[in-house]
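A quick write-up on the structure given underneath.
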Amino acid sequence: MTASPARPRHLLDFADWTPERLSALLDNADTMSQVLDRPVRKVPALQGLTVCTAFFENSTRTRVSFELAARRMSADVVSFAAGASSLGKGESLRDTVEVLTAYRVDAYVVRHHAAGAAHLVARYSGKPVINAGDGRRAHPTQALLDAYTVRQEYGSLSGKTVAIVGDVRHSRVARSNVELLPKLGAKVVLCGPATLLPADLAALPGVTLTTDPREAVRGAHAVMALRLQQERMSGGYLASLQEYAEHYQVNERLMREAENGAIVLHPGPMNRDLEISADVADGPRSRILRQVDNGQAVRMSVLYHLLVGRE
Amino acid sequence: MTASPARPRHLLDFADWTPERLSALLDNADTMSQVLDRPVRKVPALQGLTVCTAFFENSTRTRVSFELAARRMSADVVSFAAGASSLGKGESLRDTVEVLTAYRVDAYVVRHHAAGAAHLVARYSGKPVINAGDGRRAHPTQALLDAYTVRQEYGSLSGKTVAIVGDVRHSRVARSNVELLPKLGAKVVLCGPATLLPADLAALPGVTLTTDPREAVRGAHAVMALRLQQERMSGGYLASLQEYAEHYQVNERLMREAENGAIVLHPGPMNRDLEISADVADGPRSRILRQVDNGQAVRMSVLYHLLVGRE
Amino acid sequence: MTASPARPRHLLDFADWTPERLSALLDNADTMSQVLDRPVRKVPALQGLTVCTAFFENSTRTRVSFELAARRMSADVVSFAAGASSLGKGESLRDTVEVLTAYRVDAYVVRHHAAGAAHLVARYSGKPVINAGDGRRAHPTQALLDAYTVRQEYGSLSGKTVAIVGDVRHSRVARSNVELLPKLGAKVVLCGPATLLPADLAALPGVTLTTDPREAVRGAHAVMALRLQQERMSGGYLASLQEYAEHYQVNERLMREAENGAIVLHPGPMNRDLEISADVADGPRSRILRQVDNGQAVRMSVLYHLLVGRE
């Protein structure tokens, strides 16, 4: 009999998370989803606790999703939106982080363009920290809601294939999915123009790369279109948006290559008729709004797991 | 016996609201006003429910008024202030609205420069939506608090005359009052320079137009000065601010033409000594701060009516 | 038998506060500090009451500290951040203040660059007002947390000396400490370049001035480094930042002149290696993070004192 590995204190990325823990997290999201189906969508699970959302990068929809998740479990929420604040005054990230930790809240949700910011908060505060997106590296709750949405469709991720199409290079969503989905038994196919497809990802277990979108979606049970940052054009990554859309847009024609009944995902916000066609975004395959909805259940599950359900 | 018309689900404008329902709303605001007079100004009416204030246009005072109204009835509030957010990233209004509706909150308070935004949220969410101001078209809770303030003074709106002076053309407050006050039995006189007075409003029942302020206030029980958007000058609507103030300022001299005891209203924020003189704004006729105070009671009443008091 | 002076209704500065009341405030902060040490850091003391934080000047960390203090005592909080709002629309400060008071909340926390803003809110609202920083004049809760931090170290402020080094001229923190510390029995030594040291402060009881930092810290039990606003350079107050740091930086060399065991304070955010050296900021003498932590306990104590603990 071997001891099970220690329960992770934080959700920074998936490195410390075993497949069993991750499955438990998604199972618990089912319970939370049932709470959201009730007429009164509020439970006392986190009563008396305070969650601090520290967003050094603007992201209204992710912040609101976390705030709702915390409030629905009766936690207090304080928002630290550091646009014009502290850092603007020339303070070092470390000093800002130390101030945050001196507030003595019970958990932190951190969004920062620097990959190490959430880790710093975790180290200095000793409190549970959830990474709500950092630079190009990770956005774990987004990957969890993607996984949850696929699992909801097929019952399990085992043996399923998820194709991720677009600007893989700059996508923290893609990186987190590459880390998460194989742990849950799924295969990932990454697809995009060669300039936007980092070759090193091909070395990871369960991951294949291709520049051919038809090859990518063949056999896929879910196809995720990534948002195209239009500022990439000036970076020389793309010849033209029109050419990009012609080759890599997730549309009905492309989806005919996928598995029967394959679903379509998008992390939002969408550029309609650029990386995804409007008819697919609004069509019967689309689970894009379901993703938003599932985001709340998944974030409730993560907060609960880190703050309450500890052995 | 005829069936009473269906109770409106939303407050987008007053089209679906019968005089009886509107009176009930104002009666209920009296009850809420009593709550605000207590030492502890909080009731459990909306406990467990969540209200989302989605302000795509900045308006601190309206947002705070709604947040206070919701919190005083024990609702949770999440704020979606979409300055730099979603829409800024090129997302369509419809997609933003769909994301909002996926949050599954219990009611939405929407402010947007586009007239149809609140309607869109109502259609997609299926939840009660309150229009907190859209373009030039409607700002119904402002009109309700205006009506409530006049009623508080005279016991009833029946047979009363309200003169609205200023930039009628660009005022959603004026449009909502034109829609509301005649339903409650009051007459409305709209007054301003010809360039700021849309002729089509003259066709409405209970509404008259004039470019002569003395004629407008003659016989009026309440005189409302509208805020002058100074950027109208560059639009060619006005020759000079000084000339405007000379003719259309609501001041003591003009108020001498009104009914004895006539009160003065202003939706705020004021340009003192432009559209209204300081002595009138601060004088005994002014009900301008009472309007702010009443705004909270009226918004509590609207939230209650839409969320709880349904048959 | 003389009547004790009336209990102050507001905390605008320390003019109306007797040493006894101030000591009671710090004693009560001890109790609040114990609340913050519990697993569930929340008490029902302010249940049903609403605190409005009106920040006309951006200060995320002070606002969050007050919001946490209010929420930990179960108050509701509404935030009025007046960047682009009201005042931006040309409204007078007085009108904005009158609107704030019409919200009928139970207490106001006001930050404004104009020294009289908090006083105006106090006069018009009749509700308890806490000054959270105004112009160059006062920032009383910061001084209280400084005093509390020194008292925590030495048991009492009586007979202790606090040296304040840096840009005294532009510091509301320095002014509030000059007002507070002597009332509690401590001596204050103010130190900085002559251009940043207002001579009139030398006339105050318990206060001495010097341009020599070694003289200033000699015998000091606590040394506070003030933040250097780098924009002072262009104001002609300083020849160069390098020269300033050479003479006035609070570092290990300077601290060797202070009392054995003397502690170091800084109101934050720090310019590391400008007004304070990194080794002192992070070293065993530093109480800088303790100050942030104490800020919450002190603000809870002030809110409680003004809102609940009245005779």
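Per-chain numbering from 1; labels A, B and C assigned in written order.
The working rule: contacts are C-beta pairs under 8 Å (C-beta built on N, C-alpha and C of every residue); 3 or more make two chains touch, one makes a residue touch a chain.
Keep in mind that what you see is a predicted model, and the values were worked out from it rather than measured.
Participant: Call it same or different for subunit A and subunit B: same when shared residue numbers make up over half of all numbers used at their interface.
Facilitator: Subunit A and subunit B contact each other through largely non-matching residue numbers.
Participant: To the nearest 5 degrees, please report the angle of the rotation taking subunit A's Cα atoms onto subunit C.
Facilitator: 120
Participant: Would you kindly tell me how far, in whole Å, the mean C-alpha position of subunit B lies from that of subunit A?
Facilitator: The answer is 41 Å.
Participant: In subunit A, which residues are in touch with two or more of the other chains?
Facilitator: If we look for residues of subunit A contacting two or more partner chains, we find none.
Participant: Using the touch rule from the top, collect the residues of subunit C that touch subunit B in their complex.
Facilitator: It comes out as residues 48-50, 52, 76, 78-82, 84-86, 89-92, 95-96, 98-99, 101-106.
Participant: For the complex, give me every residue of subunit A touching subunit B.
Facilitator: Where subunit A meets subunit B, its residues are 36, 40-42, 58-61, 64-65, 67-68, 71-72, 230, 268-272, 289-290, 292-293, 296.
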